[in-house]
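Data block below; observations after.
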Amino acid sequence: MRPSKRQPNELRPLTLTAGFSRNAEGSCLIQCGNTHVLCTATIEAGVPSFLKNTGKGWVTAEYGMLPRSTNSRVPREAAKGKQSGRTQEIQRLIGRSLRSVVDLKLLGERQITIDCDVIEADGGTRTAAITGAYVALHHAVNYLLRTGAIKQSPIIGQVAAISCGVYKNTPVLDLDYDEDSAATMDANFVLTEDGRIIEIQCTAEENPVEEAQFSALFALAKAGIKELSAAQKKAMES
Amino acid sequence: MRPSKRQPNELRPLTLTAGFSRNAEGSCLIQCGNTHVLCTATIEAGVPSFLKNTGKGWVTAEYGMLPRSTNSRVPREAAKGKQSGRTQEIQRLIGRSLRSVVDLKLLGERQITIDCDVIEADGGTRTAAITGAYVALHHAVNYLLRTGAIKQSPIIGQVAAISCGVYKNTPVLDLDYDEDSAATMDANFVLTEDGRIIEIQCTAEENPVEEAQFSALFALAKAGIKELSAAQKKAMES
Amino acid sequence: MRPSKRQPNELRPLTLTAGFSRNAEGSCLIQCGNTHVLCTATIEAGVPSFLKNTGKGWVTAEYGMLPRSTNSRVPREAAKGKQSGRTQEIQRLIGRSLRSVVDLKLLGERQITIDCDVIEADGGTRTAAITGAYVALHHAVNYLLRTGAIKQSPIIGQVAAISCGVYKNTPVLDLDYDEDSAATMDANFVLTEDGRIIEIQCTAEENPVEEAQFSALFALAKAGIKELSAAQKKAMES
Amino acid sequence: MRPSKRQPNELRPLTLTAGFSRNAEGSCLIQCGNTHVLCTATIEAGVPSFLKNTGKGWVTAEYGMLPRSTNSRVPREAAKGKQSGRTQEIQRLIGRSLRSVVDLKLLGERQITIDCDVIEADGGTRTAAITGAYVALHHAVNYLLRTGAIKQSPIIGQVAAISCGVYKNTPVLDLDYDEDSAATMDANFVLTEDGRIIEIQCTAEENPVEEAQFSALFALAKAGIKELSAAQKKAMES
Amino acid sequence: MRPSKRQPNELRPLTLTAGFSRNAEGSCLIQCGNTHVLCTATIEAGVPSFLKNTGKGWVTAEYGMLPRSTNSRVPREAAKGKQSGRTQEIQRLIGRSLRSVVDLKLLGERQITIDCDVIEADGGTRTAAITGAYVALHHAVNYLLRTGAIKQSPIIGQVAAISCGVYKNTPVLDLDYDEDSAATMDANFVLTEDGRIIEIQCTAEENPVEEAQFSALFALAKAGIKELSAAQKKAMES
Amino acid sequence: MRPSKRQPNELRPLTLTAGFSRNAEGSCLIQCGNTHVLCTATIEAGVPSFLKNTGKGWVTAEYGMLPRSTNSRVPREAAKGKQSGRTQEIQRLIGRSLRSVVDLKLLGERQITIDCDVIEADGGTRTAAITGAYVALHHAVNYLLRTGAIKQSPIIGQVAAISCGVYKNTPVLDLDYDEDSAATMDANFVLTEDGRIIEIQCTAEENPVEEAQFSALFALAKAGIKELSAAQKKAMES
């Protein structure tokens, strides 16, 4: 029995609010149960130096948690003077995931930065961030199309992400914090809506696990991603 | 005429939502027009070393802006590796303001940290933060009373803050960003509900100004603080 | 009775030595009782990037304390690897105060940096720094005029600063360290010689205070600023 | 055809030299073709604060590259003043991988730090580091057993790691730099000698890829890990 | 001919003012021509962790330059967030030099920190700092003796320092900035009053130089140190 | 008797392996007994800003120790976020020593960076680094000549370095760690093959020492440098 009474293959209640932010060119507030992430997309002229004069654009992401988004307060990274290894790992993952569905040539020499800030955390913040960031990115690209800055959308795929894990010997979908901290295996899947792989990160928490368990998680993820993709579509249409 | 069509002595629409955060011991989302600040209060055992074994507690604050809370993105302080001078100035101000209405002896050897994170910015974030932080602090103190950790509230006053300024030669209350960036004088008042002074910061933007203008701003502020105090009371009762 | 036996409205003995430094384009050693601050003005070609190609110049300030300028040693900020919030607050205040009396267009695309280094500290270092920095700035502008780099002085006002406070229920002028640490209200006034406001910072130390007390401090400050302005004039003439 | 003329399932020439370092309690130089990583294990009394008084030990890793281990020089992280996100990701991965085969209770309250320093880099440095770090760890544990510090080995499994990728549409084992930079999918497998999963990281480089390709890489990895495990065993016996 | 018209073996005019600082336990302002260094000695309970419970004390030094002590402004190290390699080299040298004439056991478990801050720089700041720091140290030790904290002086020798160099093919004593920047060899000697060696640092600026030139510099230094030692004695007596 | 049974004037067994690194334009592994330093030379277009458009090149050095190159682990400087004062002192010394034998005009507007990384440390790492760095530099210059980038070698001298010290009252050559930590005087000599001085650093460890002891060390060093120079020549020919 899951602490949240959910079925093993059941996502948490999901809300995606595109256009949540008044200022950003694109934005989306994603709420997966008690995990709430605000994703904003900023379009800026210019690209990092390694792309100068290539005609290509860049998509990147930054990630942060409000200090008291969690159950006990985590020190503010700005005050500590550096981002943790975990933060850097997550923002690199979000950036890679988004770039895998963007044609950087079509974007042109501009950069889109997606800021993913966790307002409330209850497990699965990195996967929620990817799912929400995709909607914010889409929203920003619409802005570019609407203002005539580009003629053709550089978005060439749809990406979402979900965590799965083995909790009390049962493979379950969309771990919340209680499950996550007790899971013996934890896997994050970043997939396209049709189930192709963009990124898989799978970690055995205490003991190595059998391949079969990994396969079960993968199957759960593919089904979950379908639901998430449908929700993204709805949010993007509104 | 103010850009927002408000009267010179008119506050922006104000909403204070106590208990906004699921995790924190105290919290308040304050929305002053398009300035939205999430204030969370965290209670922790222990005090900074200069207070060890004095029997006194401590109240402190941290402040941050989401990178795209503003019209153009400001770089993330965690990524830059340090907090700006402005950020430090603001969080020191919030902490001082709150401590002026707290009896640290009655608090006992514990620390309350108020995190003030700006979700959307449209001028007046530091004063909104103080007004909201007071509610979050009150909320956290209620938690201490409710759980029996303390018997008597250490809160000995009520504090709120508001900005005023001279905009197109007219003293006006509660500047939004458009007014703030054009004002010739800008003053922040941190007052008790009955108009006593906790902190005044007044800056002539381009040219020195006459004392009479300062007096006009002070009068506006006192009236504004009364309204804010009433709104705080309502939020704290709910 | 003040620890220094001064009258409530009496400044500390004041010496302003313009041209103290052999190397700087402008300089002034200010000694207010036992508070000694060396202010040097450096003129450099070029301006910060936000002013490039605007034809405007810039005036900025930096502040530091020698580690043993104080009664007990404060760690060297260069060794700690960062400037404290207090330091940043003070240097921002000095810079704003000076810019309020400078026509940046007349200065042209050059930057004047005023370094204010506290050699001995006995309260009131930030206000002494402003008063001395104005003389150093004036000294550097004379250098620009003398060398023909500019034809017209960009200095359009005269600024000085002083602290006041409520000490044992009496409003007093020019707090020294003993008074400052016992004051119930502490206010810094940055005014022009004719009493117009450039900046006011007023803080109730433990308890909120009545407006009348603030008014008394303001009156003391205006008289004190007149004396400081006269001393600046003398120093600038020599 | 692979640039190195290897078969798709062929590892690079492998040498593991246990005890390479004169000073460390455990060490191993691993050479996989032109990728050379020196792994040293340091045993220290005490554990990180979150483990104090739990009776448990800790195993952690640090990773670095000599600036000119690569084809063009990478700036020295010590000179830049921080470790890159990539470095932190890798050292966290190495640490997790090792801890998954260690019983921290049996280790007792001591910490083993594995430093993995890349002397020459030609792709696959993180997987080589894991494979070599395991041997260094084993070497250090032998030291603890030999000196009587512990009675029973805390090592409860054997771990190795290998990268695979899709190069010119062919799944291949043990990518070198030329292959890695051209691969359309890149996966790192950290497995036990009997093929159970400790960690999988799989990234599509430009376009999402089919699950079948992932499965092919997994199969290659399992075979490769067997060879690596055998080589580790030999090195540990000598 | 030297720019300053001095003889090759002639020191610059020298003034040592012991007790210059009002706050520090020991202090000395040293003025060697236009090089002015303020040295303050702070006595603090406790020692660095590597000396805890050894009964030994510690003497250490820090060094800094006011940003405009030099002809063109050098950025403030506190603002840059780190001390330069040069600064660290110098403060390590000052500390070692002082410790060589102190019996750390007799000092007891306390630390004396000598802050050497350059007010005006015209070459030879590090050697002036050592010469002045010795007087400040002596001054602080007198304070310990006077207050009865120690019974016997831990100072077991007298140290001074001077720079020499080869300027226009002539070995000269006590280089000023003009000479220093044109010298072909530059040597700093830290000697006891009777000519024994504490530290020698000798650097050929552009081309390697003959041993004979080094010997000539050494001879000059020994004579110069005698003069400096006499001046120190006088300053310490007053 | 020396711990290593060497004669007072006997170097440790020495091996210089030019071309050790596969990637660098120049490299040398120097092994002096158990002190092993890998020196790599990287040639890059461009020079530091102070040399732009002067036609001159630059030679610089960086130095690091693998964390467990020493008997007890030293924390990784990249993880601590800064290089120690000792590291900076050493890399500045190596850079100066190399530049003293290079005609920077003949090098042209390019920079050669010598990375000196200590693989195993047993005393004398800085002097070994200089001796090895010279060979790596020579190796890189040969690359420039061979590829036609320059026509004439900018190397105008040959430099090597050695430490000496007074160990149990006997002046000895080439201190290992055991001797170094017990020596009463420690001197590093950077000399040309014909004995001219590039740099001397001499430090009395506990007590000031007589000039005669310094002279004895100098004599030992000159003989040692001859042997090192011969070994460098052999390594450069191969």
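Residue numbering begins at 1 within each chain, and the chains themselves are lettered A, B, C, D, E and F in the order written.
Rule of thumb we're sticking to: a contact is a pair of C-beta atoms (placed from the backbone, for glycine too) under 8 Å apart; a residue touches a chain by one contact, two chains touch by 3 or more.
In this text, all values refer to a predicted model and were calculated from it rather than measured experimentally.
Steps from chain D to chain F, taking the shortest chain of touch contacts, total 1. Looking at chain A and chain E, no chain is in contact with each of them. Relative to chain A, the most remote chain by averaged C-alpha coordinates is E.
Rotation angle for the C-alpha superposition of chain C on chain E: 180 degrees, rounded in steps of 5. If you average the CA atoms of chain B and of chain F, the two centres end up 59 Å from each other. Spacing of chain E relative to chain F, judged by their CA centroids, is 28 angstrom.
Between the CA-based centres of chain C and chain F the separation comes to 50 Å, rounded to the whole angstrom. In chain D, the residues that reach two or more other chains under the touch definition are 81-82. Viewed as a contact network, the protein chains form a single closed ring in which every chain touches exactly two others.
Ring order of the chains (start at chain E, first neighbour chain F): E, F, D, A, B, C. Of all the residues in chain D, the ones that touch chain F in their complex are 21-24, 27, 34, 38, 40, 42, 44, 62, 64, 66-73, 76-79, 81-83, 87, 113, 115, 117, 119-121.
Per the touch definition, chain A reaches chain D in the complex via residues 82, 85-86, 88-89, 91-92, 96, 100-101, 157, 159, 185, 187, 191-192, 195-204, 206-211, 213-214, 218.
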